[in-house]
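First subunit A sits with subunit B, and in the next complex the same chain sits with subunit C.
Let's turn to the complex of A and B:
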C-alpha cells in the first residue's frame, strides 16, 4: 500500500506535474526535430506515450508486477538488463562503505563516549562536526585533486582501467584501486555523523538508573558499555541502518558522478539529464521497494534483539 | 505562558553564549548574516558583471609572492581630447570640446590631403598580459562632394619602436557615426590577429606588451578633401584597457567575473535555502505531528501513512530528477527540500504529543470545557518549543548541503549566484587542474562553515534542553 502511494507520488512528480505545468511530454526531448509527424507518432506509440496519462500509469504498475521496468528511451534496451550491469558496482562501493561506516562509527562512538569530556572526545567531536558539514562533492573533488591529480596515486575516473586487466587477480586489484577514492569520500562523509549519533545515544543511556546500579555493583566500565549500553541502543541503530540501506541501490549520485563510477547513482543523474524517464522511474521504484523491505526487516530484527518489542 | 516561553528561549540563548560551542556557532552565524545583509556594500561588484579582468586572474594579494610578482593588473586608459599630444597637424586647427576632438576641413583646392598624428604615452611595467581591448567613438560627416574621405588608424608603439596597427577604420567617404556603439577592437579578434601577422591561436597582447617601459598609443588621421566639399570629423575619448591577470580579493573566474563578489552573494542563497526550507519543513512536521498525535484514530493513521510514504522516497535521486524535469528554480528547490525533510520531525512530534495528551493537565483542561484548539495552543504547543527550536536549527545544514550539491550538479537556479554553482563552474572550466585553489577552497569552506555553525548551535540547544546529554561530563 505504502509502495503504491509512493509510486503514485513519484508518477505525479515526474510525469503529471511537468506535463500539466509546462506541457512537457517525455518524447519531446529525445526525438529528432527532423522527423516527420508519422515517424513521431510511431515512436510515441512504441513507447506507449500516445495514451492518456492515467492509462499509462496503470500499464506501468501492471508491468512492474511482471518485472518489466520498461525500455530506455536512449539505448532502447530493457532497463532491467542495463540496471544489472551497473548494480554490482554500486553495491560493492556503497555496501563496503556502509558496512565500514557502521563498524567504524560504532567503534569511534563507543570510544569517545567512554572518554567523554576528555581531549580525545573533543577533538573527534569537532572533527566529526566539521566533516559532517562538509559537502560530499567538495570532499570528493579535493581527494580527486590531491591524490588523483597531484600525487597521481589513484586514477581520475572509471571503475576499471581500459582495457581491463585480463587475469582475475589483477582485475580485482585494479578494481579496488579505482574504488579507493570514492570509498574514502563516502567514509569521510558518513563516519562523522554516525559516530556522533552513536555517542549521543551512549551518553543518553549513561544517565539511566540501571547504569548506576551496575556501577554500584562494581561492574567494569568496559562491561557496562558492551553488555548493558550497547544492547539498549541497538534498536535505534538498526532503524538508522535500515534507513541507510536503500541508499546502497539508488547510490551516491554525487560521489559516483564525480568519480565517474559506473553505477546506478551516476546512471540516474545521466538519465535525468537526458530525460530518460523509464530509467529514472525504475531506479526510484527499486530504491523505494528496498526502503520498504529493509524497514520491515529492521522491525523484525529489532523484535529479535529487543525482548520488550513483541511481534504481533 | 507566552512570556515564559520567551524567557526559556532567552535563557537558552544565554546558556548557549556561555557555552564555547554554541557561542562559536552563533558568532559564525552572525558573521554570515551580516555578510548576507550587507552583501551590496561588501562586494565590489554585482555577481553577474563579467569581463572585469582577464579570465582566471589570480588574487591581487598573491602578487606579494615572487612567482606572481609581475602579473599585470588592469590598465585602463581614457585618452580624451585633453590627453592627446598632437605631434603634427599640418597646420590644421583642432577644436577641443568636452573631451571630443573636432576638426573641420573644407577646401577650395582641387585636392587636399592632411595627416594628423596624435600620441598618448603610457607606462606599462608588468609581465605580458593576454588580452587588451578598447573602443573609440567617432563620427565622420562628408558634405556635398564625392571623393572626400577620412581614415582613422590606431597604432601601438612598443618601447623598442615596433608599431602594431590595432585598429583601422578604412576610408570613410560617407556620413558615418560610430558613437553608439563605438568602434571596438579586441586582442581576441581573429581578424586583428591575422592583420598583425599572428596565428589565430596566439595571444596578441602577450606579443605586443612583451616589454616593460613606455608605450605610445598613436592615432593617425588621414583626411582627403576634394574641391568644394567639407569634411567634419569628431573623435571621442579613446577607451583602452589591458586586462589584468591579477584582480580582486579572490581573482576572477573563466569569464572574468569577480569571485569575491560571487562568494559574498552566495551567502544569501545558502542562508535563504537553509532557513526557508527548515521553517517550512518544521511547520509541516509540527502541524502533522500535532494533529495526528492529538486526534489519534483514523486521522492519525492516514497522516502517518503519508508520512511513511514520503519517508521512503529517496531524497537526492528524486530531487535530481524533479529539478531536471520541472525546471531549475530556487523556490522549487526550497519547497522540494522542505517537502522531503519534514517526516522525521512529524513522527517525533506525534509521539511527544501522544505522551502529553494523556497527562492530567490536558484532562483537567478538557473537564473545564476547553476546546481542542485551546488545549493545543495553550498546553501542548509550549511543551514542544524546545524540540521545535532544535529541529529548526538542525534542519538547516542538511538543506544547505542539499542545495549546494544540486547547484554543483548544475541543477540550481542559473540566475542566482551560489557556492555550489561556483564549484560547478570551477570544476567544468578546469580550475581544479590548474591549481586555482582560490576559486575552489573558499566556496567549499563557506558551505562547511555555515552548515557547521548551525550544527554547533543545534547541539548546544540540544544539550540545554536535554539535560541527559550533559550527564556525567
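Let's turn to the complex of A and C:
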C-alpha cells in the first residue's frame, strides 16, 4: 500500500505537475524546434508521451515489475544499463562512508557520553558541531584545494587515474586513493552529527532507574554502557540506520560533483534538470523500495533486539 | 529615428581592444605568438579528455598541470593572472546575448517602446559590472563577429534616459508629471513592460542586468518590471510565443543563415512575431541566391530594417577566456575576431615536444552518446570533432570564407530541372583520404550521408537543403553533384555536414542489432573490419581509442591521416659512400630516430638497391647495432652502373606503425677500374722504361767508333 501510494505520488509529481500544471514540456529537450509537427508527434509517441495519463501510469508500473526501467529521454539508452554503470561507485563510496559514520559515530558517541562534562566531551562536541555545520561543498573544495592542489597528495577528480593501471592490485589501490578525499568529506560531515545523536541517546538513558540500580549493584561504568545502555538505545539507532540506507543508492550529489565521482547522485540531479522522467522515476522507485524494505527489516530487527516490542 | 552612422568607431575600438594582447595573465610564449597555422597534423600522439564535473576541480587541474587547457570564467581570471605557468587567450564567441521581444503583446507592440527600452540598456555598465569586462557590446542585429556579413551602418540607440523619453514623446505617448505615469497614444495608462529572466539563483547575471534596465526605466516613469521565471518554463513560453520579453543567449554559427528564420514572417525562429513585406523580400533575396555578394548586400538591407523594428535588442557578444599551460603552442584563432579554429586540433603541441606527447583537454560533462546524429552537448562534439570531418572548414584567416577540406574544390550553379529553378552544387573530393579502418573514402560516403539525413531526419544536422534535395549524382569516386530545389547559397553550407562512413552506417543489420541509428552509440560497438577499433571511425586526425564512462575519453592519432604532417614520421640519417666498385661490399649505416628524437630500436630497416629502370636489384634487412643504428651490407658483384639506395624504415611508435623512406644515389663502377691507378702506374713505368731503353740505345748507336792502329 505504501509502495503503491509512493508510486502514484511520484508519477503525479514528475509527469502531471510539470506538463499539465506548469506547462513545461519535457520533450522540448530532445526535440529540434525545426522539426515538423508530424516528426514531433512521432518522437513523443516513441516515448509514450502521447498516451493518456492513466495508461502511461499502468504501463509504467507494469514495466517496473518486469525490471524494465524504461529508456532515458536524453541518451535513449536503457535506464537499467546506465544505472548499473554508476551504482557500484555510489554504493562503494556511500556504503563505506555510511558504515564508517555509524561505527565511528557510535564509538565516539559512547566515548563522549562516558566522559561527559569533561574536556574530551567538550572538545569533541564542539568539533562535531563545527564540522556538522560545514556544507559538503565547502569541505570538499577545501580538501581538494589543500590536499589535491597545494600538497598534491590526492587526485583532483575521478574514480581512477586517467588512464587507469592495468594491474588488478594497482587498480584497487588507485581506486582507493581516488576515493580518499570524497570519503573523508562524507565522514567529516556525517560523524559529528551522528556522534552527537548517539551521545544524547546515551545521556537520556543514563537517567533511567535501571541505571541507578545497576550502579547501586556495583556494575562497572563500562558494563553499564555496553551491556545495558547500548542495548536500550539500539532501536532508535537501527531506525536511523534504516533511513540512511536508501541514501546509499541515491548518492551524494555535491560530493560526486566536486570530486567528479561517477555515481548515481550527480546523474539523478542532471536527469531532474533535464526532465528525464525515466531516470528520475527509476532512481526514486529504487529509493522508495529500499526505504520501505529497510524500514520493514528494521522493524523485525528491533523486535528481535527489544523483547518489549513484538510483532503481531 | 534617423538612421545614424554607427559604431564604426566603436567597432574599430572593439577590434583594437580584442586584438591587443589582453593583460589577464602571463603573455603567451613566443612560439604561440608567432605560430602560423598549418593544415597538417596532428602534432600530438594522443588527446586525453578527462571529465571534471566541477569547474573548481577543473580549474585546479589546469593550475596543477593535470590538464593543458581550460575555459576560465571571467570571475576567476584573477586566480590565473599571476601564474607564470598559464596564459589566457581571450576571443569573441558567437554567443549573442539579447533582449527578445514579443512584438504582438501590449505594450511591446509599440515600436517606440522598443526604441525607448533600447536607449535604457547601458552595455558598458553591464559588461563592466556584470561580466568583469569580458564582453563585446553589440548593437547590429548581425554582430561584427560575422565579418563582412555585419552591417556597421545600422540605427543606433545610445544609452540615454533623455533619448528614451524623447522616443516616447515623439511617438505620441504622454507623461503626466503629477502622477509620474505614462499614457499610450490612445490615452490609456501604459501597462507593465515586463522583462522575463530566470530566477536570480539560476542566472544571477541575467537578473542583475534586468534589474538595471528596469531601474533606469522606472527612473523616467516607465513601468518596467522583472518577472523571474524558471528557465524551462520560459523556453516553453518562447516556443509557444506566449512570452513577453526575455534576456537570453543565442548561439550563432559562423555563417548567419539563422537570420532567415529569425526575422521573416513565419520563420521558425521568429518568436517575436514580426512581419514586414520589405524585410521578407530582403531575407528571401539573402537566402535564395547563389551569389554570396548579393546575399551579403541583401542581409545588410535586412539589418537596417531589423534595427528599426527592433524585435530583438542585441546587448553583447560573449568573450571566451581559455587558459593554456605555458608549454602549449599551436592554438589557432580565427580572424578577424577570434574563436578557436578546427586547425587547433592539428597544430596544438607541447613546445618542449614539437611532435608527440599527450594533450589533455577537459570535458565538463560525460558525453552521453557519440552518435553524430543524436549528440546534443558541446562536450560530445568536442570529442567527435577530432574524429569526423567536413567537406570544408572556416578559413582561419577570415572566418567568413571557406577552406577546402575533404572537398578540394566546388562549383555552385543555378540550373533548371523539370522546369523548376534548382541549385546544382558539385564537390570535387580529395582522393587520398582513408577511413580509420582502412576503407577508402569516396563520394559514395558523402552521398550516403546526405540521403541518410534526408530519410531519417535526425534532430541534429537536419536542414532545409535536405528537405529540398531532389537527386544526387556520383559520376566518379571523387565527384558528387547535388541537385536542390530552389536557389540558395545556404544550401552549400547546409550540405557541409560531418561525413560518416557508408560501410558502417549503411550496415542496417549492424544498426538494427544495437537498437537502430538513433539509439546506438558507435563508440561502444566493435568495428567489423578492424576489431581493435570501434564503429566510431572517421577521416579525422584522431582515432577513438578508449573510454571509461564518467572518467575520460582517450583518442590516439591516426598515422595514415590524409593530412599527416610530413615531419611527423621517422628521421633517418644515412651514411653511405657515393661510389663503389663492383664486387666490393656496400656498407650502409642508418640511424633511425622517431619524431620525438628518440632512437628507434624496434624498427625494421630494409635496404634496397634499385636500378635506373626501377627494378630492385638487391635487398637486405639491416641489423640493429644499438642506439637506433642499423647496418647492412650489400653485395655488389656482377653489377655496375648508377643505382638508387633506398632505405625503408618501419617502426611502431605509440602502438601505431610509421614508415619513412630515404634514398641516395650511388655509382657502382666496374671492378677493374679499381686497379686503374695501378695499370696506369705500370703503364707509366713501362713507358718510362721503354723511353729510357730507347734513349739509351739511340745514344749508343750514335756514339763515335774508335780507329784501328798503323804498324
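One rule holds in what follows: the second predicted complex is superposed on the first by the 312 of 312 C-alpha atoms of A that agree within 3 Å, B and C clash if a C-alpha of one lies under 4 Å from a C-alpha of the other, contacts with A are read in each partner's own complex, and residues count from 1 in each chain.
Operating definition for what follows: a residue touches a chain if its C-beta (ideal position, glycine included) is under 8 Å from a C-beta of that chain, and two chains touch if they have at least 3 such contacts.
All figures in this text were calculated on a predicted structure; none of them were measured in a lab.
Residue contacts after overlaying the shared chain place A:141 against subunit B and subunit C alike.
Judged by the number of subunit A residues each one touches, B leads among subunit B and subunit C. In the superposition on chain A, A:197 makes contact with neither subunit B nor subunit C.
Within the superposed three-chain model, A:149 lies in touch with subunit B and with subunit C [touch as defined at top]. By the touch criterion stated above, A:253 is placed in contact with subunit B alone, subunit C being left untouched.
Legend: residue contacts after superposition of the two complexes on their common chain; A:85 is shown touching subunit C, with no touch to subunit B. With both structures placed on the common chain, the touch criterion links A:73 to neither subunit B nor subunit C.
Residue contacts after overlaying the shared chain place A:266 against subunit C, while subunit B stays out of touching range. Once chain A of one complex is fitted onto chain A of the other, the partner contacts of A:275 extend to both subunit B and subunit C. In the superposed pair of complexes, A:60 makes contact with neither subunit B nor subunit C. Shared contact residues of subunit A with subunit B and subunit C: 22, 24, 141, 144-145, 149, 257, 275.
Of all the residues in subunit C, the ones that touch subunit A in their complex are 48, 50-54, 56-58, 60-61, 63-64, 66, 230, 232-233, 235-237, 239, 261, 268-269, 365-366, 368-369, 374, 376, 457, 459-460, 462-463, 515, 518-519, 521, 546, 548-552, 554. On subunit A, the positions that touch subunit C within their shared complex are 22-25, 28, 30-35, 39, 71, 74-77, 85-86, 89, 141, 144-145, 148-149, 152, 155-160, 162-164, 256-260, 262, 266, 270, 275. Here subunit A touches subunit B in the complex through residues 1-3, 5-6, 9-10, 13-14, 17-18, 21-22, 24, 116-117, 129-130, 132-138, 141-142, 144-145, 149, 200, 203-204, 206-207, 243, 246-247, 250-251, 253-254, 257, 265, 268-269, 272-273, 275, 280, 283-284, 287-288, 291-292, 295, going by the rule given at the top.
Partner subunit A is touched in their complex by these residues of subunit B: 305-306, 308-314, 316-318, 320-322, 324-327, 397, 401, 404-405, 408-409, 420, 423, 427, 432-433, 440, 444, 447-452, 454-456, 459, 462, 466, 468-469, 471-473.
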